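In what follows, chain A forms one complex with chain B and a second complex with chain C.
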Partner chain A sequence: MELKKIIKSRELTVGLVMIGLIVFFSLSSERFLTTNNIKNILLQVSSIGVASIGMTMIIITGGIDVSAGSILGIVAVTLGKAATNGFPAWLSIILGILVGLALGSVNASFIALLGIPPIIVTLGMMSLLRSLAYTFLGGRWIASLPGAVRWMGLGKILNVPVPIWLTIILVAYFSYFMRYRPLGRYIYAVGNSLEAARVSGVDTKRILFFVYALAGLMYGIAGAIVVGRAGIVQTNTGNNFELQVIAATVLGGTSILGGKGTIVGSILGSLLVAVLSNGLILLNVPALTEGLIIGVLILGSVAIDVIKNRGEE
Partner chain B sequence: MKKLWVYLLIGIVMLLTVSAFATYKIAFIPKLVGIPYFNAMEAGGKRAAKDLGVEFIYTGPTTDSVAKQIEIIDNLITKGVDAIAVAPNDPAAITPIMKKAKEKGILVLTSDTDGAEGVRELFVNQARAKDIGYTVMDVVAELMDYKGKFAIVSGGPTAWNLNTWIMYLQQRLAEYPDIELVTIRYAGEDVQRAVDVGLSVIQAFPDIKVIVGMNSTSAPGVAEAVELAGKVGQIWATGITVPSMMKEHMKKGSVKKFVLWDPENLGYLTVWAAKYLLDGNEFPANTPIDVPGIDTKPIYYPETKELVLGPPLVFTPENIDKYNF
Partner chain C sequence: MMKKFLKLMAVNRSFFLFVFLIGMFVVFSFIIPEFSTIYNVLNMTKYGVEIGLLAFAETLIIISGGGGIDLSIGSILSLSAMVIGVLAGRLGVNIVIASILGIITGGLCGVVNGFFVSFLRIPPLIVTLSTMYVYDSLALLIAVDKWGNPMPVSNFPYGYYFIGQQTYFNIPFQVIAIFIPLALMLHFVLSKTTFGRYLVATGNSEVVARFSSVPVRRVKFTVYVIGGFLAGLAALIMTSRIASARPDLGAGLNLQAITIAVLGGTNIMGGEGSILGTLMAIVVITALYNGLQLAGISSIWQVGTLGIILIGSAIANIILSKKFSSVE
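Let's look at the complex of A and B:
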């Protein structure tokens, strides 16, 4: 990437804002920059970060997925039900993740094969799956999950929690994928101009299918992390989750108009929100200002994005 | 002509029989269906309906939607019921629709959360806000041996009932000179968020002795946070939630006591009170009332038209296994 491009990128803006916040919080509280607290922040980011990998690709194609939270809910229900009905922990986790992939593929079929606009398909799925989660649980929450099934949330490898490993590995691989693999490049091409991509011989249906199905898989993994961390499956697990993921993605520079954005940017976006909410607690800033500050950040960054792009066209 | 008279007679007899066998239709609309708390209320309502010989209708939105709740009440009015009891998601927004119901001759009540003031006939209250706030504060004080710091993680910052409980908790706090409330944070209705907020609070105030979760998701969330932070034995988690969410944490040692009432009894009392009023009775004022079927003696306060179930219940390892909601 040329220097000029880097300087103009939102990733840099968000990164700098975050470094500024980190410096400010560390100077204000000696408890901020500790191993424990960094772990807390990274754990808080993990489920949103993993899901934002899928959401970033979707938004780059010019689409949107508001069913992320409901898919995560069904994943949680599947995992919880399987684990409390005698399935081995590893199988319950895999089943849950596969259900995520399957539901993502349902989205993918409607959007890629039938050509129905993503907002309509995912809105429908959002409401349908939420009712389904309620029907499956019959209104009962699952509270006492066996310890082993919580591995995706509580497990540790080399003393680093599993969710943090998962986030790092998945983000690293899919960043490489988006930048260097042909399929990754085609995703940008589809987002820049679906017609142009099709004319130049890209199988746009295949690309769209891949993106929505993969997103489902990511929500599946995120769901296993959420269940592991919370230890409870609520009927409303994942409620509003899609909003947090979309917010992180858009904050991190992915253009809602499509064609532009990076996974690293989305991770920075979710980290920024997490650092802010953690830091404000450490400084004991009144809780009600937290939503205000985060809202201003999102609106401001999207406005800048729109203005910047207008200048270029 | 003679035939017509016979038909008319048969018709009248049929009408009379139908009305003699017709039972009251009493509906309860929770804030949302599908959470253990309201499931317990539903179970209580069903039990009362069976005991009292009335029909119990339980229906509500799947999210805590104000508009959906109003729509459901509107449908019930069209359907024709004798009494509507609501746990409103927005105390003010349901006033017009409750007024409409009342104009159609339907008995309108609120239960669990008050609303539609000036319109509703009765508020069936689980416990007075003051008693809840005071009881939570007393439990906190006992857990820390009347000395030290504690923090609160609540649900939504605009939840009226949670804020009222916190207000009374702080009122009671004034009577404990050696106890300090260090912060109040909010985590919505999301266990994972409560875990994250709890972890940050413990990081910010490592010397707290108690952390309180004010709603059904925050209490198990902060208990989880205490366990994750490795503070079992140093910090007690407590709060207001259903026992099924806390059982596991009691076993792990992060929770010793927490507070709630019995929502099953509350559901029972709601249906019982509706039938009592439909029968044309009036509650005796300010004295404990015998309600067969529940194990507290509710009191009616005529000045606010509320029927209070009784004092809150403190759950301990000794009594928790008696409750399965």
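Let's look at the complex of A and C:
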């Protein structure tokens, strides 16, 4: 029974596709399976992976968040402005992350307390925050970031980059959280049926608030990683980020209808996209076809899943 | 009297937007003298046409329910625009044929979306998120010039520009000849035809609709195809108006079109919405953008105010409807 479940699981499908890709790329390019390149892929995954923790929870509740990229943009601007205006590095990073949490809480208030549909709230926030980020930057870049501020992106602990540590720790903790903590189980309950969860005594408003606020915090951490790695804050920092995160999450098997999905799946989804785009570059496939291949991959893998599970419903 | 007025505002989104529009006109007219001139009012309408067509497309698609949404609509616009541009500007195809092929491209993109959504029953968000990447990528690929870089195309034949630049008594051609007739037609289709009823029924409850022998799949398929054609048409108008086809022409328009449809009272859960409501939202947004621009406010704040109005109107709706549900 358990084995059958594993075989049918989306994580396995994504994992196998990825192994296939890794084998293929390793055979086609000797530069693919090197320590340096693997480190590159993992670094590339880290920001999307951390953000996908929040996005996974949101989509499990049956919601969506298209403001992730704009929140990340504001986080980056806050961090950059603070660091270049004499704040100590650690304080700038914390400030940036807290701004992410605060903006997530704004989403959360509208969605959980006022009951406005998530797509409307986050669409509105996306537009508004994008304008704010442009205004704060005044059309200029922040380039001269002090080195210490980039710790979240470039720092190393035991010779392993900080973003990779962060991703591993956060993914491990929140996977445990979703599986074994009551609050984690409530998130699935809310996604399966909000009404049933409410009637069973789950404080659904609190759950929804928690999920969107936590997602904001995750975007904050992702923002600090992005700024650290890039060393520059631009007006388009975070553009399209939300769609990449959503793509990784649904690719990893989180059902857009809610109630189903795992954080590990989302990480595998983001890894798959990163492996693919990295491998394509090494194979000298024109960058312009990347979107084409990623789109076909997402659609194809979901289509296979839908067809595979059709008989059971 | 006041109560009745407020109640109408709460129940009828078009009326709500109409009142908002009047208020905005008064404010803008006081601040900016040139805002309420006939020339400006007529001239600004052309900026609402393209995004308006996309918002109509989203309205129909969102009404179809089941998470109906089209994230690829802006990318369809980009792809159609590049098809027209490359065929006419680089390959020397007759501009009429190029335009028709461009619009057909849009329709075909809609066919792909509709196929996956209605026949394979994959959630629309996933389908259109994927096809968004695919169409964007295709637009870039066909934009590649002989030196290997994706480049815009601008050398259209002169006669092409009448679609987007010609005016009659200051009224832009695309407004009277394309937008208004199309809006009337879509309004008629949605509110007076069997297809329109089927569409609303499908959006309200797919199961009930199917048991009532509504051809649910065909209805859903059709709205995505209509959406694709509308995006293709918008591409034609836009390339003519700005005299250029670029592979990123539709970037960001998907979420704006959805925002406008929702602002116009289209229920994101499906089964509810009107062309009139969306039209009012388009007029409000177009006038707002124009007013902000004339007032010298940075164009960056156009989308920002769109966001504020979207959330604000949702809150206003909740407050108004709470107030009146407690009375009854």
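Just so it is clear, the second predicted complex is superposed on the first by the 303 of 313 C-alpha atoms of A that agree within 3 Å, B and C clash if a C-alpha of one lies under 4 Å from a C-alpha of the other, contacts with A are read in each partner's own complex, and residues count from 1 in each chain.
Operating definition for what follows: contacts are C-beta pairs under 8 Å (C-beta built on N, C-alpha and C of every residue); 3 or more make two chains touch, one makes a residue touch a chain.
Values in this document were obtained by computation on a predicted structure and should not be read as measured data.
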Clash or fit: how do chain B and chain C relate after the overlay on chain A? clash
Considering only the touch criterion stated at the top, classify A:243 as touching first (chain B), second (chain C), both, or neither. second
Of the two partner chains, chain B (first) and chain C (second), which one does A:31 touch, if any: first, second, both, or neither? first
Report for A:299: first if it touches chain B alone, second if chain C alone, otherwise both or neither. second
Given the touch rule stated above, what does A:64 touch, chain B (first), chain C (second), both, or neither? second
Touching A:288 in the superposition: chain B (first), chain C (second), both, neither? both
Under the stated touch criterion, which partner chain does A:256 make contact with: chain B (first), chain C (second), both, or neither? second
Touching A:130, do we find chain B (first), chain C (second), both, or neither? both
For A:183, select first, second, both or neither according to whether it touches chain B, chain C, the two together, or no partner. neither
Across the two complexes, what residues of chain A are contacted by chain B and by chain C? 130-131, 134, 288
Across the complex, what residues on chain B touch chain A? 32-36, 38-39, 62-63, 157, 182-186, 188-192, 195-197, 199-201, 203-204, 206, 217, 220-221, 224, 228-229, 244-245, 247-248
Considering only the defined contacts, which chain A positions touch chain B in the complex? 29, 31, 34, 36-37, 40, 43-44, 47, 130-131, 134, 137, 139-141, 143-144, 154, 226, 229-232, 234-237, 239-240, 277-278, 281-282, 284, 287-288
Mind listing the chain C positions that touch chain A in their complex? 67, 69, 71, 116, 120-123, 125-127, 129-134, 136-138, 140-141, 144, 150, 255-256, 258-259, 262, 268-269, 298, 300-308, 310-311, 314-315, 318
Give the list of chain A residues in touch with chain C in this complex. 64, 66, 110, 114-117, 119-121, 123-132, 134-135, 243, 246-247, 250, 256-257, 286, 288-296, 298-299, 302-303, 306-307
